[in-house]
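There are two complexes below, and they share subunit A, which is joined by subunit B in the first and by subunit C in the second.
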Partner chain A sequence: MENLVKRIKEMIPVENFKKQNSMLCFFTVQEQHIELILSYLKNNEGYTDLIFLQAVDYLEENKFMMTYMLNNLERGMNLGINVFIDREKAEMTSIHRLWSHVWQFQREIHELYGINFPGSPRVTEPFVLEGWEEMPPMRRDFDTMEYVERTFYPRDGRETSDPKKHMKEKLYKNYTEVPKIRREND
Partner chain B sequence: MENKDIKDIENAMKLANDGLPEKERALFADARPSHIGPANKYLEKFMNWARSRSLWILAFGTGCGATELRPLFTSRFDASRYGIAPRPTPRQASVFVIGGYASIKTIKRIVRSYEQMQGPKYVVALGSCTINGGMYYDSYNTINRIDYYIPVDIYITGCMPRPESLIAGFEKLKENIRAGECDGMNTYADNFDWYKKNQKQIIKDWNMPDYNW
Partner chain C sequence: MIKNSESKYKDYVADRSKYPQEEDGKAIIDLDSHKFTKIWQGPQHPGVTGNMSVELIVNGDEIVDAKTRVGYLHRGFEKLMERRRYIQCFPIVCRICVPEPDTNEYCVSAAMEELAGIEIPEKAKWLRTLNLEMSRVTSFLMWAGGQAGSLGMNTIPQWTVGMRDFWLDLFEEMTGGRVYHMYMIPGGVRKDLPEGFRDRVRAQIIQTKELLVDVERSFFNNAIVKSRLIGLGHIPKEMISEYGITGPNARACGVENDIRITNPYLKYPELELEMITGTESDAYERAKLRYRELHQSLNLISQILDKMPEGGEIQAKLPNVLHWKIPAGQTYKRAESTRGEHGFYMVSDGTKYPRRIYARGASYTHAISVLEKLACNITISDLAALMVSLHTCPPEIER
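On to the complex of A and B.
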């Protein structure tokens, strides 16, 4: 795996190389190199499978992190490639030419995070949310509780009580703290 | 003169079917559901007894609770003993089991299937999600209370309810049917506008007829 990263480092800048275990590594590349690095790994290094494509919202840093998880069937290795993109612009290179199923992932990410993939087929079609009019719901500044109270009809009567306190009041009125016994092994 | 007034009222009572494209509106019915009372006291009693003996469930698993219907119908719990059988289409079914949480995308299909079922029809809502949202009480995509969208006859609590409690719920439903208390179809017809208002509030892309008969 280290050799692979060495070969990639000769081509493009690579940051934050992290070996999770013997089967899984992560590193970060820049946004403009993603198509190059993915096609290199697919064609030359045997990472022929894209398992998933996901986005993480880093609200504090004003960034989205995209993770492309690749799999090498022959060697049984997984490789995660992280890319940070700007949260305000929220646009990413579409890789639907490399893997034919990627358009579905990109369509879902477009709906849930509002990240645009120019050129990706059917990317604006609704996936899970039909007729959604709010901001993309998986963004962290979307307040789900406020939306639920505004849209649905919460049922009253949801009460919480601390079980320990409740039991003390109801059952063990004469309860006193038992002094802790010191055992010899301690 | 009077005939004209009645016609005006009839026209005003017709459903608009706004969600459909204009050329398709004529293809669908614009009539509302109507309140159907009992025909005869003794006949109704006999009919209710017969209805309670053959509950046909619509085979439409609407949430994770639908997994509990598989053991219910297979050999261990064998719901056929109680006269409960699954049916493939809404037209043949009389009981609709809401299996747990209902997302907005599903509630559109639930409403459509429920309205296509022939009366008398009963709704069994299982799981805490249908009662107050359960663990999805703050989810953006899951409704909190199912009884704002379709009338419910029996709730079965639990997350998930076991097949035993489902059988107990069906027994309770049978009792209620025999007592003539399960009148969800008429409740839906009487409060049709209120139910439609609630449904249209969450289903934003309403592209089906207002009443799906």
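On to the complex of A and C.
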């Protein structure tokens, strides 16, 4: 794995290399190099499978972290490539030419994080949210509680009562009225 | 005897000489021409365990274009987990997949343990492996019922789902829950096996194998099943990496991709486990492969019961989980589910709450990109069979 990173470092700047476990490594590259590096890993290093593409919101740093997880089937190795992008601009290079299923990850991120992928097919199609007009909901500044209180009305809640009292009043009412057995002394 | 060459889909190429005409490899579909009809299959239909629609454009009864529409099951689990402490995520993650919830529990536990640097006891590893294999059996039994049901054979679902219920009884005994178990927690598992449990599981394995003989006779040797499944949904080898296909769908065309063998976890390296692959890569081949894998899981359970020690710790010592801070970092843990690769990507920022937890289910690509590609040029009646043969599970698409 170290040799692979050496080879990549000869091509482009690489930061924050970390070996997470014997099968998984992470490193960070710059946005403009992502297509180049993914294409190199896919065609030359055997990382042929893209497992997922996801975003992480770092609101306090005003950044999004994109993670591309690749798999090398022959060696059983995973490689996570991180890219930090500006949160204000929220635009990322589309890699839909490299894998045929990438468009659906990009569509999901576009809907849930509001990150645009120019040129990606079907990127503006709705994924899980139909008719959504709010801020993209997976952003950390989206206030779920405020949205729920504004959109839905509160339910009245169920009637509650003291169980002991309730049983006495409703269920055992008739028992108190059972006629007594008449005795001779009465 | 039905031969591969007699299947209606074998080497079938749709005649596009008249319509729809193609441009750049894509059919030109003009709904106003009245040659095509747009219909919706779903959200409730025999093809899936859950709710998912497929928007079809048909010419006669032949599908010329398909688009998967999801959104009926979105419960916002990933967002919910960002606002919960680590231990509070457990009742949530198992609900991501109904037929096989334990893979979620394992991946999340393993990710938290790796980030927090916790090593779990040996007995807990055995119990987790047993739990995962039992959940594979229940998922495969449900799939077998779905595959037969999608072809109109309603007897086999009664048998296999009935048998699954006996396995759920065992789960209830082992974990306290039938469908959602919440058994694996960070540091190990919640409790040890009850007394006499091993013998009851062994008896259940024998019963299941007896049932599978009947399933094999009535399903795999059935002329209608063969004529409808052979050649349906053929996945060429070039599509595997291109579309992120994993699990039995990839193995059915000869790709050796089983995470239990290529990236062994828990106690799988100590078990006798061989890679099961196929060659034909159509729906019938995938069904046969899953049937063999069901037997493999039953054998693995027997091995686990024989090799697992009686006593031992089942839970590592953890800090106070209500104030548990996991050091900053990121990891991806994956496991082999019955549908393919199932994984969790977890990012921690050093606080009590996870920064991000992402669930990667195999159906995410199988039910969208792959299904849209394979559904073209088949008939409407075969779509449900195709969807079950890809083993789609909508809850893990939307999370």
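The working rule: the second predicted complex is superposed on the first by the 153 of 186 C-alpha atoms of A that agree within 3 Å, B and C clash if a C-alpha of one lies under 4 Å from a C-alpha of the other, contacts with A are read in each partner's own complex, and residues count from 1 in each chain.
Quick note on the criterion: a residue touches a chain if its C-beta (ideal position, glycine included) is under 8 Å from a C-beta of that chain, and two chains touch if they have at least 3 such contacts.
Owing to the predicted nature of the structure, the values given are computational and were not obtained by experimental measurement.
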item	value
Subunit A residues touched by each partner, larger count belonging to subunit B or subunit C	C
Subunit B versus subunit C as contact partner of A:137, first or second or both or neither	both
First, second, both or neither for A:155, with subunit B first and subunit C second	first
Partner chain(s) touched by A:128 [first = subunit B, second = subunit C, both, neither]	both
Touched partner set for A:80, first subunit B, second subunit C, both or neither	second
First (subunit B), second (subunit C), both or neither touched by A:147	first
Partner chain(s) touched by A:88 [first = subunit B, second = subunit C, both, neither]	neither
Partner chain in contact with A:184 - subunit B first, subunit C second, else both or neither	neither
Partner chain in contact with A:50 - subunit B first, subunit C second, else both or neither	second
Interface residues of subunit A shared between complexes with subunit B and subunit C	128-130, 137, 144
Touching residues (chain side subunit B, partner subunit A) in the complex	103-105, 108, 131-133, 137-141, 143-145, 148, 198, 201-205
Subunit B contact footprint on subunit A (complex, rising order)	128-134, 137, 142, 144-145, 147-148, 151-155, 158
Complex contact set, residues of subunit A against subunit C	18, 20-21, 23-24, 26, 48-52, 54, 56-57, 65, 67, 69, 73, 76, 78, 80, 99-101, 103-104, 126-130, 137-138, 140, 144
Of subunit C, residues touching subunit A in the complex	70-71, 74, 76, 78-79, 82-83, 114, 239, 241-244, 246, 255-257, 262-263, 329-332, 334, 341, 343, 345, 347, 355-356, 358, 360, 364-365, 368-370, 373, 398
